[in-house]
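The same subunit A turns up in both complexes below, where it pairs with subunit B and then with subunit C.
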Partner chain A sequence: MNPIAVIVRKELHSYFNSAVAYIVVTLFLALTSVWFFAVYRFAARDFASLRGYFAVMPFLFVVLLPAISMRSWAEEHTSGTAELLLTMPFSELQLVLGKFLAALLLVIIMLALTVTVPLTVVPLGRFETGEIVGQYVGTLLLACVGISLGQFVSSLSRNQISAFLISALVLLLITLLHVVTAVAHLPRGAAAVINHLSLLHHYHAFERGLIDSRAVVYYLLLSVGFLYLNAKTLLLRKWS
Partner chain B sequence: MIELVEVHKSYGSVKAVDGVSFAVDSGEIFGLLGPNGAGKTTILKILTGYHFADSGSARVARQDICSHPLSVKQKLGYLPENAPLYNDFTVAEYLRFVARARRVPSERQQRRCAFAIQQCGLQDVVQRPIAELSRGFRQRTGLAQAILHDPEILILDEPTSGLDPNQILEIRRLIRTLGRSKTVILSTHIMQEVEAVCDRVLILNKGRIAATGTAAQISAEFAGGERFAISVIAPAGTDQRVFDDIERLAGVQHVQISRLERTVRISAEVSLEPPAATGGGQDGSAAEPDLRNAIDYDAGAALFDWAVARGVRIAELRPLRRSLEELFVELTR
Partner chain C sequence: MMRRPQHVVTLLLTLLVLVLTGLNSAFYFVRLDLTEQRVYSLSAVSRALVREIPDSARITFYLSDRLRTQAVETEQIVDLLYEYAAHSRGTIDVEVVDPGAAGVTAEIEQLGVIPQQIQLIEQDQQSVATVYTGIVIEYLDRTHTLPVVIDPRVFEYELTIALRNLVRDHTPQIGILLGRADEALEREYQLSASRLSRRFTLRRLAAAEPIPPDIDALFVIGGRDLTAADTALINDYLSRGGSALFAVDGVKVDLETANLAAAPAPRRPVDGLLEEHGVRVRREIVLDEYHRSIPVARAGGAGTFQSIEPYPAWVSVVNYNSDHPVSARFTGLDLYWPSPLDLDPALDFEILLQSSSRAWLMQEPYITSPLQPAALQRDAAETRGRYVLAAAGGSQNQDRGRIVVVGDSDFLSNLLQYTNSVHNVDFAENLAAWLALDDELLSLRTRAARDVRLNRIEDPAARRRVVGFAQLVNVYLIPLAVVFYGLVRYLRRRSRVHAKPRTERSTTA
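Let's turn to the complex of A and B:
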């Protein structure tokens, strides 16, 4: 068995043996549907698009992704099992990737369960399949950023709650960074740069079903960066 | 098999290990002994690659741990101070995970898990969640994890902590059995453990080596030479030199002399310094017997030769070995 797969399997075992995974998935499904049908009032609009459905996801991610990732390293460090993992024949990168992929799989399962919503509404109007695909791709990429950030913060922390709060805060900040440019009067160049650093700014393209290469590159860059920092943190701890 | 050279490690301003060097041969059971905070755990963490030393080198099977972490880790079984267990796993699930993580070939996993379960006496709790296990079972599950993949080298940090006396004996027996084919390094602060299990010991104090060798060597070295209780029977009115020799070795206060009708019985606790490395007089003439003859030196034999040369008979000759426990207290105070 591939070493990364060994970790993925162990992580999934932990996820599904604890309540967190079930709570997160249930909350996500319930809140997105309540929003879409009751608040956004999809049925009252003459608009064959799931834009409203996906628009709320980044905000739920700010809270729910840190809930998934908070325990990943913090708990290993408090219970002493980090010592086991790090003295087993795994490289730091394999451990980080294993944990990341397991959390990503959980998010994929979560997103797969939302398919019932498109399946319900698509027969009601002329929906673009490409748009829905783009929306899912963008959401998944956003989840990559959130998970890798959350797990990196978790590896810096010994406490799950502080890992949760800090990653939620940081995720909120980079999600809504573009709001700064709307409030403050900034030079055009600076404003553009800040806009491009905002997750939500890029997500707007995905929301409309556009797979914008700038957005894809930015999300992937952030994810890879956090994964790299996570692996380096594990290595640096050895010198602590 | 394992080699540490001038290893230093500090945590912040605390010097945990301060210039420790030692080597462990393959097939040896090596004990690290010291009070809490002496640096035992730190040394084990460095050996397993969990922490890096600030300076100095640590090599396992001729490979540096920092530069070849994966192949070194492949050879190790490690039980940290607190058994590293996943509470949401059952014992069986946990061992299965360890088997996969340690890259035990899938066809052997079943057999190795069964072996570890049996050796550590876990048969009754295999299907229980680890969270529900008592301290003793947790410790034994940790040990099962360490021996599961049949590693060449076992590193055990206080393997018997939290166990009851019967379990302690079982685990020591297991370690000795495993030690026949493996290199074992264990840390402990229990003296009997070292005397019962280890071939060689290193006593640590405040991050430095206080003593190293076999239990017998350490007691000999730090007792100021080997000590014997000796009684000799000499003819009455015997040569003053017999008394002088004994007094020189023992100090007057320890000598008991009982005069009988035709003989004198002299009892004393004597201590013999091992011979100086340079050798010294080797002729050992009958006129002036040399108690420090360097060739194939044996303190008991030297005393015997001395008695023969002086023409006295040995009635009692008993080695006095100070327990490691006394020494430990003295060395680490």
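Let's turn to the complex of A and C:
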């Protein structure tokens, strides 16, 4: 079996054998739906779009993705299994990718369970299929960033709680970075750079059914960058 | 195997590559619009314009939250605004402001944003609210205001034109020569003039005044009082490469008479001018089975009452030349007692508009009273056929001396308010753009509007049931199903764990 597939399988078992996966998935599904139907009041808005539904996801991800990824390395360090894992015939990159893909699969399952939302509201109006596809693509890419960041932070921490708090804080900062340009009058170039670094700024395009290469590249670069740093951190830890 | 310093160098180089890729992607990008009607795809003209803006422009959309929740079309306008910002690479800054919450209502009214009254029904209470939906564009020390924006279909057209005029600091000028000396642009052409002046500077020209060389196009509307000297000045303007619209009819209908008495227009100098250019306006009226209705005062028992009667002499044009830039984005045109045009086949004229094949002519003596519907059909049997109603001269690629002739001098007059024919002004805008050689403006298409309301289910009870079902499934059933699956899995694992020691015990025994 492919080494990455072995790790993915082991990690997925680990997720579903603990309460964390169920708590995260249930909270995600319940909160997004309560927000959409009760707080955002989708039916009263008379607007055939799921933008309101997807708009809340980046904010929930700030808490839920670190909750998924906090244990990936911090727990291995606490329980002492990290050293064992690093001596196994897997490269650092395979270990990192395996853990990342397992967490991503969990998010994909979580998002797959939201498909009932478009399916049940579609009879009400003429929804744009392309827009919904864009919203799912954007959410998935955003999840890639959140998970890879969370796992990188987890690899630096020995404690799950600190990994969770630091990941959530960093994710919140890069999600809402563009707010700075709204409150402070910055030079055009500086404002453009800050907006470009904000995750939510790029997410708005996906919300509308637009796939912007800048957003895709930025999300992928961040994900690849954090995964790469994660692998290098493991290597450094091995040496130390 | 790599040494530690080599790893550090590799790490730094990799991060550098990632940063450079990110920077590169910010400058060279594509946007894929997944919506069915490409509602977020700006036209090439708009994209090119926003890229060429040399300095920062600020677009503020003053949109009341109360209107935003009532008129969901405004969301599409907001989306399009963000598209302008996205394509501008940072030169266009977009902001959406609720004027009430920001406390700027007085300031924006001074800038030209017009307050609107809407009826609201909130918690079973009906009320009237004042709302705003206007845009203020700031560029250098210049400001332009779009007083009311509500229709996403024409929004790109309006904003791009406004931005372009502001950035280039030039608004195309249309010279207007009214062929009837007793008419005023602000009185007889109130709606058309106000709509056209949003995109063009309208300049009323007096008869006998030489046509100024700086106007971009000339509109000659009617020809009754134009003298030979006037037409010589127009001819001179045309020979210098000027472009003109002639809205001229062959039959004069007297709106002051009860039965709308009609008479052939006497031969005028403008007829001679048009014939020189290959167009003859016939002294007949085109009537069509595609037509509008007319309000008519009828004498009743207790006095007079008004009724709306079908009126074939008010022709609704359905046949248009979709290959010509002027009529390619045709949205409709209503003509009032139009005259058919004869075109000289030897000259370079293209038909823009025609009647339907079910049209017919009214010849002298004319009967035009809407109270005599049978008499309006008098010449139908002999004259049924298709008739030319508008034509354009000067080839599409020619960059000088374009001419358009429409066989009706009333299509821009206040009559259009009786038939609610705002599309007549859209047609005039296209004409003006083509005559002014503004092909950029013509290429801006009318945007398709998507029905964004939740209106597929009309029955309120059925609608409530669907919403209730969606809530039940998504808020309760799916999360509970996850919890249930987790519990089942937990219990199965526990029973396996408990079963294991028992098995081990029995084996030991």
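By our rule, the second predicted complex is superposed on the first by the 240 of 240 C-alpha atoms of A that agree within 3 Å, B and C clash if a C-alpha of one lies under 4 Å from a C-alpha of the other, contacts with A are read in each partner's own complex, and residues count from 1 in each chain.
Here, a contact is a pair of C-beta atoms (placed from the backbone, for glycine too) under 8 Å apart; a residue touches a chain by one contact, two chains touch by 3 or more.
Computed from a prediction, not measured in an experiment: that's the story for all the values here.
When the two structures are aligned on the shared chain, A:217 is found in touch with subunit C, with no touch to subunit B.
In the overlay built on the shared chain, the residue A:79 is in contact with subunit B alone; subunit C does not reach it.
Legend: residue contacts after superposition of the two complexes on their common chain; A:170 is shown touching neither subunit B nor subunit C. When the two complexes are overlaid on their common chain A, residue A:239 makes contact with subunit B and with subunit C alike. Residue contacts after overlaying the shared chain place A:194 against neither subunit B nor subunit C.
In the superposed pair of complexes, A:6 makes contact with subunit B only, with no contact to subunit C. In the superposed model, A:209 lies in contact with subunit C only, and not with subunit B. Of the two partners subunit B and subunit C, it is C that touches the larger number of subunit A residues.
Looking at the shared chain after the overlay, A:89 reaches subunit B, while subunit C stays out of its contact range. When the two structures are aligned on the shared chain, A:17 is found in touch with subunit B and with subunit C. In the superposition on chain A, the residues of subunit A touched by subunit B in one structure and by subunit C in the other are 17, 239. Interface residues of subunit A facing subunit C in the complex, by the touch rule stated above, are 16-17, 19, 21-22, 25-26, 29-30, 33-34, 36-38, 42-43, 45-49, 113-114, 116-117, 120-121, 123-126, 128-131, 133-134, 188-189, 191-192, 196, 204-205, 208-214, 217-218, 221, 224-225, 228-229, 232, 235, 239. The part of subunit B that touches subunit A in the complex is made up of residues 11, 45, 48-52, 54, 69-71, 73-74, 76, 78, 80-89, 93, 97-98, 100-103, 106, 145. Interface residues of subunit A, counted against subunit B in their complex, comprise 1, 3, 6-7, 9-10, 13-14, 17-18, 79-91, 238-240. Partner subunit A is touched in their complex by these residues of subunit C: 4, 7, 11, 14-15, 18, 21-22, 25-26, 29-36, 40, 56, 69, 72, 75, 79, 82, 86, 89-91, 93, 450-457, 463, 466-467, 469-471, 473-475, 478-479, 482-483, 485-486, 489, 493.
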